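Quick heads-up: structures coming right below.
Each of the next two complexes has chain A plus one more chain, namely chain B in the first and chain C in the second.
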Partner chain A sequence: MELFERTEVVNALLARYGVKFGIYKNNTFHEQLFPFDAIPRVIDAHEFAYLERGLKQRVDALNLFLLDIYNKKHILRDKVIPEEFIYASSGYLAQCEGVTPPGSVYSHISGIDLVLGKDGEWYILEDNLRVPSGASYPMIARELCRRSSPRTFQAVSVADNRSYADLLKQVLDHVNTGGLTVVFTPGRYNAAYFEHSYLAEKMRVPLVTGSDLEVENDHLYFKDYSGRKEQVGAVYRRISDDFLDPMTFRPESLIGVPHIFDVYRKGNVALVNAPGNGVADDKGIYYFVPKMIEYYLKQEPILHNAPTYLPYYEKDMRYVLEHFDSLVLKDVAEAGGYGVVFGNSMSASQKEDFIRLLKSEPRRFIAQEVIDFCDLPILEKGEKVERKADLRAFVLSGAETVVWKSGLTRFSRNPDSFIVNSSQGGGFKDTWVLNQ
Partner chain B sequence: MGVKSIENMDRLYWLGRYSERVYTTLKLYGQKFDSMIEEGAGGYDEFCRSLDIPNHYVSAEDFRRKYPFSPDDPNSIYSNLIRAYDNAIELREEIGSDTLAYIQMAVYELNKAAASQAPMIEFQAILDDILAFWGIVDDMIEDEFTRNIIKVGKRVERIDLYGRLRVDRVSMTREVRRLTGRIQRTGLRYRLQVIDNLNEMVSQPQLDYPAIVREIESILL
Partner chain C sequence: MKTLRFCYDLKIEFSSPVTHHSFTVKCVARSDERQQVLQQEIRILPKEYLSENQDAFGNCYIFGRTDTEHTLFSVAASGVVRTGLADSTAEGDTYRQGVYLAQTAYTKPGPALGKLFEDLRGPGPEDALKAGRRYMEGLRSRFAYVSGSTDITTTAEEALTQGRGVCQDYSHILLSLCRQAGIPCRYVVGMLIGEGASHAWVEVFHEGRWYGLDPTNNTDVCEDHIKLSHGRDYSDCLLNQGVFTGFAGQKQSVSVQVWEKEPE
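Here is the complex of A and B:
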């Protein structure tokens, strides 16, 4: 296909537009290009309709869970989830108790990571409900691929993914309490700064840092150059909960906005995504998501988790110890491909140390069967080779829940690795959802 | 876009200044590089003096390599281009990805030139990128304030450099006139007296270059 021959052209255009991500190596910040592979992941309309139903169901249940957990806690009262999984989670924020965000939406943008198993089943690997990133990469890649090979898109009817910024803006408008919508970035030394600035550009809204915002009389304002203040009604914040407000969370945060959480608590601004969502995308809570779907929606889960064990439960601990070498173990507090170890890759002493740690802190880890997921072809020096790849689907929740007809397909460039994260050297592909 | 932060006003202004600084010093360096082909060592001390930058180069070759390419030399063309980039990268939503791309490409071209045996050929691409950047600022940026702030930065830098390089009266007068017409349409807080003084200075029979430099450097409040 003509497009594949133009991979280098598309990568040159991505470089031209500064499509990068940031990474810290030895405490020094580096900007790196995100290698793009022009062979897309293709999902036909029928398969996507199935994924769409499953993803909407999952995100709706997660939103109901967050509403419940910070308010009436029915799911704990009914003992569907043990209390300690909530209160021991680093993502649980006591400050969010009794606070209902505008529109009762907590996870406005959900990044759900899936893989396609060799058995033909899609498996959910992870829910990202805090500040999931990655939508901007396939957005701009599509634009550049269409420019590089228009004939490809004449020949294949692919759902246009370039409306992501419009979908996002609709979500932000839906929850806006009155005033400006802004994208709030920690600054250019954040790993996803390209995305922050690109989405602000495409939504035509200001990109702001903490020093541009100010709280006065229980409202949030943007200060312009002349000293004029304009009220802000929705903040698409790309800064983690910890650093959002030094008066409520980490007092040493210099990048947050003092008292912004008070404004939010009083319903005078929408924070997108809502603070406190970390309790629902904790790797330990992941185990319970199918139960949430049954509990809140009275439905069978459409999409399945990878088979997961909680060493917290004695029965699961026994299984994990017996099948240690065939499992992948994940530290629930880590993200970005860190804190992931494969049982069969450890030396005898490493294994011994790990098991000791597992027994002393069983709540800290989950264990999963290693899903033998499908490889996807990538181009390497002009030749097609197979590599592991996942899919991050983006689900947007505003007036309704919608699944973006695309997604970020990440792949490992290392033939022996299952880890696809950009921070670990992975690349990305566009995700085509066919119209038929 | 209706609202603009103080930080972004500042970044736009300095983006204009640094893009101009790179453009003019690159052209000057090109002339100097050419003359040094025959002259060999020496000659660069005068270049440093005229730009008021410290001459810490130990040889002509040292100057040839470090002045355009050194990331460790705060006065190098590279450092000035990175400062332009550092401002531009934080202005994507304000100036647009298409505009930002020309500064990004200039950075790539300068890195490429550093590895070349004939950097002057590669420099043409950087000059083209900066010219295209100024063109696209006019063509693509809808917000008049945004355009004007970048252009005022560019004019201020040019008057500053022209003052240091003792450029002819016609060129200096043209830049002062352009600045006079533009600066009031930016929202920048500036000293009106400086504009009056500059206009007065370019009408004098002898141009007092050091005084022009002092004036232009004090223009913003």
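Here is the complex of A and C:
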């Protein structure tokens, strides 16, 4: 296929456009290219329709859960989820109690990670409801592939994924409380700075940092280079909750905006995604998402979790200890592929230490069956080889919930690794959703 | 029942001029079943704008900013409050109080608090208020009030280990004990009759109502207390917070006076 022969061209263009991914290691910032593989993941229309139903259902339930947790707490009253999984979670922010965000949407952009098992079933690996990144990579890759190999896209009818910016803008417009929409970046040294600038450009909205924003008289304003102030109604913020507002969260944050949270509490600006979402994408809460779907929507979950055990429950702890070698253990507080260990990869003494830790802090870990998921072909030095890959689907919630007809497919470059996170040095593919 | 007058004065002096000063002030008394605010005035200087809001715990606060260069920032609050109208305040459902049950960075027990809890814990089941009072009583012989012996970063475990502290430490220790016993409880900032600084105490959740316990004085909260705010611990009830631009040292002084108003 012509497209595959142009892989190097596309990668060279990606490098030129600055499609990079930053990694902090030992407190220093390294930026590296995000290697692109030209063989797309292909999902046919029928299969995508199934994923779409399942993803919408899941994200709708998660949004209802967030609204409930920060307000009436009926799911706690009805004892569907034990209280300590909420209040002991680092993602739960008491400061968000009693807030109903504009449009009642908490997770406007949800990045849901899935894998296709060898049994032909899709499994949800995790929900990312805070600041999920990655949509820009397949967007720009598609753009460059279409340019370098236009005939490919004449021959195959692939759903256009370049509409992502429009979908995102519609969500932001829907929750906008009056005024500008902006993309708020922590700055040049953020891991996903390329994405912040690309999405701002594609949506034709200002890309701002903390010092461009200011609160005055109950509203948020954008100050332009001439000192003129214009009211802001929606902030697509790519800065974490912790650093958002030094008056409410970490007081040492220099990249936040003082009092932005106060005007948000008053309903005078939309923050996208809403602060406090971490309570719903905690790896411990993941276990309860199918129960949320049943509780809030009175429906059977369409998409399944990977089989998961909570050592918090005695029965599950026993199972985990008996099947330790066949499980993967995850620290609920960690993300980006950190804090993940495979039972069978530990030495005897490591295992002993880990089990001691597990017993003293059972709430801190989940255990999962290792899913044997499908390999996807990638090109390595012109040869096709098989590697582990996952899919991050993007679900957008505004007036309605829609699933973007594409997604970020990440693969591990190491043939022995199951961890595909870009922060662990993996590469990416475009995801084609066929029109038929 | 008493009618109390209060004056709360906060001054921050900067060693050189600062600007772009954003601040949040949480020293607004609110009427509830226990106290009725008859009159209240708050003056903040300098300021370009001020705004009022309610926080996640239901406290009233004032926020604002000033871009004017200044070397002195001051908050002066004064008012008249009728106190002692009830011994407690009603609250909604028990299942919604879980946020006050989780230990925080300030109240998290270590060996000292764990042992104290074992020493003081009751022989059988008892109600939350009785338990809270017994923990408070138990603290009397085990902890001493020594002003200046701790600072605002001291945790309950650290304070208990050294055996000395101020009202903030008494309150954090009592919170830690109650939470170990599964009793929802919260940190309260307010003022006590007399002259001095602001005061802190604890409220425990008992049969749908919040009851005040003042562990520093080993007493139930009474008509001598004016409440300003509550939260999980000290950090939710900061009387004053700020960020500013400038390279300056700062000196903060607080003076609080509460006295009984002569009947008219």
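Assume the second predicted complex is superposed on the first by the 435 of 436 C-alpha atoms of A that agree within 3 Å, B and C clash if a C-alpha of one lies under 4 Å from a C-alpha of the other, contacts with A are read in each partner's own complex, and residues count from 1 in each chain.
Throughout what follows, a contact is a pair of C-beta atoms (placed from the backbone, for glycine too) under 8 Å apart; a residue touches a chain by one contact, two chains touch by 3 or more.
Predicted model only: the values in this text are computed from it and were never measured.
*Asks:* Following the overlay on chain A, give me a clash-or-fit verdict for chain B and chain C.
*Replies:* These partners fit in the superposed model.
*Asks:* A:S226 contacts which: chain B (first), chain C (second), both, neither?
*Replies:* A:S226 contacts chain B only, not chain C.
*Asks:* What is the contact status of A:R16 with respect to chain B (first) and chain C (second): first, second, both, or neither?
*Replies:* Once the two structures are laid over each other on A, A:R16 reaches chain B alone.
*Asks:* Identify the partner contact of A:R77: answer first if only chain B is touched, second if only chain C is, both if each is, neither if none is.
*Replies:* A:R77 sits against chain C, while chain B stays out of touch.
*Asks:* Could you tell me if A:V208 is touching chain B, chain C, both of them or neither one (first, second, both, neither)?
*Replies:* After superposition on chain A, A:V208 lies in contact with chain B alone.
*Asks:* Applying the document's definition of touch, where does A:L125 land relative to chain B and chain C: first, second, both, or neither?
*Replies:* In the superposed model, A:L125 contacts neither chain B nor chain C.
*Asks:* Quick check: superposed on A, how many Å separate the nearest Cα atoms of chain B and chain C?
*Replies:* For chain B and chain C in the superposition, the minimum C-alpha gap reads 16 Å.
*Asks:* Could you tell me which stretches of chain A are touched by chain B in one complex and by chain C in the other?
*Replies:* None.
*Asks:* Sort out for me which residues of chain A touch chain B in the complex.
*Replies:* It is residues 15-18, 140, 180, 183, 188, 193, 197-198, 200-201, 204-209, 211-212, 222-226, 228, 230 of chain A that touch chain B.
*Asks:* Could you list, by residue number, the parts of chain A that touch chain C in their complex?
*Replies:* Checking each residue of chain A against chain C gives 72-73, 76-77, 83-84, 86-88, 94-99, 215-218, 246-247, 251, 258-259, 262, 265-266.
*Asks:* Mind pulling up the chain C residues that touch chain A in the complex?
*Replies:* 22, 24, 48-49, 51, 53-57, 63, 65, 93, 95-96, 98-99, 101-102, 232, 236, 241, 243
*Asks:* Please output the residues of chain B touching chain A within their complex, sorted ascending.
*Replies:* 1-9, 86, 89-90, 92-94, 96-97, 100-101, 104-105, 108, 187
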